[in-house]
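Reading through the structure tokens given below for one structure.
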Amino acid sequence: MSKAPDEPKVSGFNDLLAVAYQIEIDAVERYNVLADQMETHNNPELVTVFRDLARAEGIHGEEIRRLAGDFDVVNHALKIARFRRSESPEEAELDSAHYLMTPWHALQLSLAGEKRALAYFTSIVETAKDPKVKAMAAELVEEEAEHVNLVNRLLRRYPRPTDSWADDLDPPVSPE
Amino acid sequence: MGATPRISPSISIAIVGSGGAGALTTGNSLLEAASTAGWHGLFTRTLGPQIRGGEAAGLLRLAVHPVDCLADQFDLLIGIDWLNAHRFGAEIKTGPQTLVVSDPRGGEPPPMVIQSGARVVEISMKDMAKSIPDGRSNMIALGIASRLLGFTVEQVFGPMEKRLVDKGPAAIAASLAGITVGFDAAAGIDFGPRLAVPTPSAARRWLLSGNEATALGAIRGGVRFAAAYPITPATEILEWLAPSLAKIGGVLLQAEDELAAINMIIGSSYGGTPAMTATSGPGLSLMIEALGLATSAEIPVVVVDVMRGGPSTGIPTKSEQTDLNIAIYGMHGDAPHLVLAPQSVGDCLFTTQWATYLAEALQAPAIVLSDQFMGQSRAAIERPADVAFVGARSLATEISSNYKRYAMASNGVSPMAIPGTLGGQYTADGLTHSERGTPTSGAGDHLAQLDKRRDKLERFNYGDHWASVEGTGDLAIVTWGSLTGATREAAGRAAADGLEVRVIAPRLLAPVQPERLAGALAGVKRILVVEQTHSAQFHRYLRAHYDLPAPVRVFHRPGPLPITAGEIHHAIMDWR
Amino acid sequence: MSSLVMSATCRPADYKSDIKPIWCPGCGDYHVLMSFTRAFAQLGLPPEKIAVVSGIGCSSRIPAYTNCYGFHGVHGRSLALAAGLKVTRPDLTVVVASGDGDGYSIGGNHFLHACRRNIDMTYVVMDNRIYGMTKGQPSPTTEPEFDTALTPGGTGMAPFHPLVVALASGANFIARCFSGEPNETADVLAAAIGHPGFSFIEILSPCVTFRPDEKAWKDQVRPAPVAATDDKGKAARRLMTDDGFNIGILYRGNRAPYQPAVGPNGTDLSVLESDFEL
């Protein structure tokens, strides 16, 4: 993203939990959209990749919900956790999708998202005054750093494709 | 007065004048006077192309019986002036029995009139009008006509007074003076025929045009929204609807074009408000694509086509039956829908009401084929009976889950969810769709939905209204639309000549009713098809969809001249 | 905007149908769909009280992807259909979705008159400056030199300026959005729905298949430097002089929307017969 995000205001521990939860949920939704696209466009390998990514982010979301205990983090997120001019940090960029994309591309998207999330929580650690918020943000930073490493490890399995990955000799169709 | 008047069941009068002479006002006033006094009547006009100041003729027929067509020949022709009147020569037939009242200062009657042997009486209407402050020739003509027809001054003045209420007492006085002068001037003229006395009737009497009857029929059928793009000769439907819908909580939107008009009514109907528009051939051409959408998405709408001469701009002020093909076959794809045709001014009300009812019941578009002759004629009739056909759409109101907008049903009609209904959300679509409404190009869904839309129309019981069937002779005339009136009259004359004739006029043109027509044609030996087209569209339609169990002849010709009872009678007698 | 609202915690997912879009991966319209569902959730509108009306084209596929009532009609006529719906059903929230071909070419006349008519509805045009559904012909907003199979060497025609046309024709709310900013777009959409009268939103929505060059838009767009005005003269100058990449609400008028009174169906019809009684 080229724009500085207009971020939600995090003025306490609960706000941070809500934002963290929302970031995961947004990521789940986005990966599912991408998986659906790949399903419609007959790229089954990528369907699997995106569904797996969605599942992983969903697990993270659930962890945050458990962490919140009795506090209704879901509802609170709906109220406060909106990113405005940019999207939610961890969301994969939709406009980078391509019907012939490979797992390498998907992991690049994922890596970029994890890095944005890492940067976001890092900035909270740096600016937060509330020690509880600071501590929680630091935990989230650690978590995201681990995700970055995980994606990097996965990328070793999927090398960068050759430049011809998007070649399609068939013409496009006009459905209507 | 001269010789003893000849009592006639029907008298025809033409009043001609140009450039604001007021010929049409005179004709209308005579119709109003006659219908107040208990006669039936039909008034139509024929005009030059000018918006103002053109030559005009008011054609009027008064009778003791309902009048659905003009006479072959006019009994009385009043020329306030004769400027460009030769244009009407072919339309206003005169003969030795015709009395022509002519103003010597208004020029000579057209040669055709003189050559026909008509008697000409000269009265200086203009000079008489000048003798009255603000006097007008057409009031003199009205006075003359009322004397010749046997009305009193009061009988014709009544309607005039109502018309002039806004113009003030001076105009009213000038009108009364004019009528009186004309009335006196006609003393001693031997006219000849005299209208028979009408049978007294307790029925309420109406005076209205076919276009107005059409509009009221739509409202009675449940229409509460109309979209309007003006076009001759349909505009009066829309102009009557605008204030009328507002009075009953409905609304009319003026559209930017016919493409918008048809889509607006589809939108309204999709939202649950029964809707119509009215147009003529050029507008119908523009609406056809969206009529296909209404067919596919199963949205009921009513489109009235007041037919005029075609193709292209054609003759906008004259009648033809040449939109039959486009109404029935115009849509691309297999697109079953309803096509109906009223048969008279009064029947415009019933048929449009029935069309609205059918469209709503069957969730399909209905095209009503009226025509310029019926639409723009004013008729004095008995108030049409109230009928029970009020649109009642099958609605999905309580939806548990998994709503299927286009679910298969034995009668083909699937309950429709109206926006706002919880759980009924669906997307209406012109794309081939599944029962749920989801776009698909699957052969199974395509066939299933085509079957559904065909079956719902074919399985419906349309009852006896599908046609009017009269008489039992072994010669059957099959005709439709406004020609039904002239055909009935021709059949009456044939009966007087000793030839029994059957008249069959389908009101429901689509879906076709082969079994019913077969029943109506049982036992016939000859079939005469009568229609106002150049290419015999109706004949081809009959040939395509029905068994015609006897030799067939076709009497057809294009507009602009109306087909008369005399011509049809001639075609019958020609085939004895 | 409807007076009936759901609880404050509607989720965007509540407004999505289970039908999967056929749009190309990478298409801006996916983002627009998100903006729709987010705006509806933000406003708390019950899905069954929303109607999404469209014509033909990639963008016009959007109604079925929502969980609202939808109408996917014929090419170019969505505004007319929506007008008939909204005047008879003022209780519904009506959103019309279109594209640059559907809305500005075949539907151009309806655009002018919908602006004039000022019925309370929101018109969203996803502009990708190309006919995508028919494989890349120039639309009214395509650059004159853009080469296509149908117009070798370009059209040579000046692109249509939808925002200026909307302003001149009487639209009561004019905004430009970029699909890649779905949250911002959702906010603008919510504001448009809330604004009385005819609201027009042009969403720059790249076509990755036939206009891959439009991927650069995300680096070209910027928030409009000044706030929305209600002054038509000022708005006209801004719209005429900006480079087409200023994003945000650009004009907010205060014309009263057109909505005739519509009432119940059961009125006594005999009042109409007096016109014909003798």
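Think of it as A, B and C in the order they're written, each chain with its own count starting at 1.
Operating definition for what follows: contacts are C-beta pairs under 8 Å (C-beta built on N, C-alpha and C of every residue); 3 or more make two chains touch, one makes a residue touch a chain.
Everything quoted here is computed from the prediction, not taken from an experiment.
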| Chain closest to the assembly centre - both centres taken as Cα means | C
| message | Can you check which chain pair, A-C or B-C, has more C-beta pairs in contact? | response | B-C
| request: State, to the nearest whole Å, the distance from the C-alpha centre of chain A to the C-alpha centre of chain B. | output: 68
| remark: Cα centroid separation, chain A vs chain C, in Å, comes to 29
| note | Taking each chain's centre as the mean of its CA atoms, chain B sits from chain C at a distance in Å of 42
| Of all the residues in chain C, which ones touch at least 2 other chains? | none
| Where chain A touches two or more other chains, by residue | 176
| Could you say which residues in chain B touch two or more other chains, in rising order? | 431
| query | Given the complex with chain B, which residues does chain C contribute to the contact? | reply | 17, 19, 46-49, 51-53, 63-64, 67-74, 76-89, 91-92, 109-110, 112-113, 117, 260-265, 267, 269, 271-273, 275-278
| In the complex formed with chain C, which residues of chain B make contact? | 32, 35-36, 204-208, 212, 216, 219-220, 222, 224-225, 227, 240, 244, 246-251, 253, 255-257, 259-261, 263-273, 275, 289-290, 292-293, 297, 380, 383, 417, 419-431, 437-439
| message | Using the touch definition from the top, list the residues of chain A that touch chain C in their complex. | response | 2, 29, 33-34, 36-41, 75, 78-79, 82-87, 94-99, 101, 171-176
| said: Going by the contact rule set out above, which residues of chain C touch chain A in the complex? | reply: 8-9, 11, 13, 20-26, 28, 30-31, 56-57, 133-136, 180-184, 187, 206, 208-210, 215, 218-219, 223
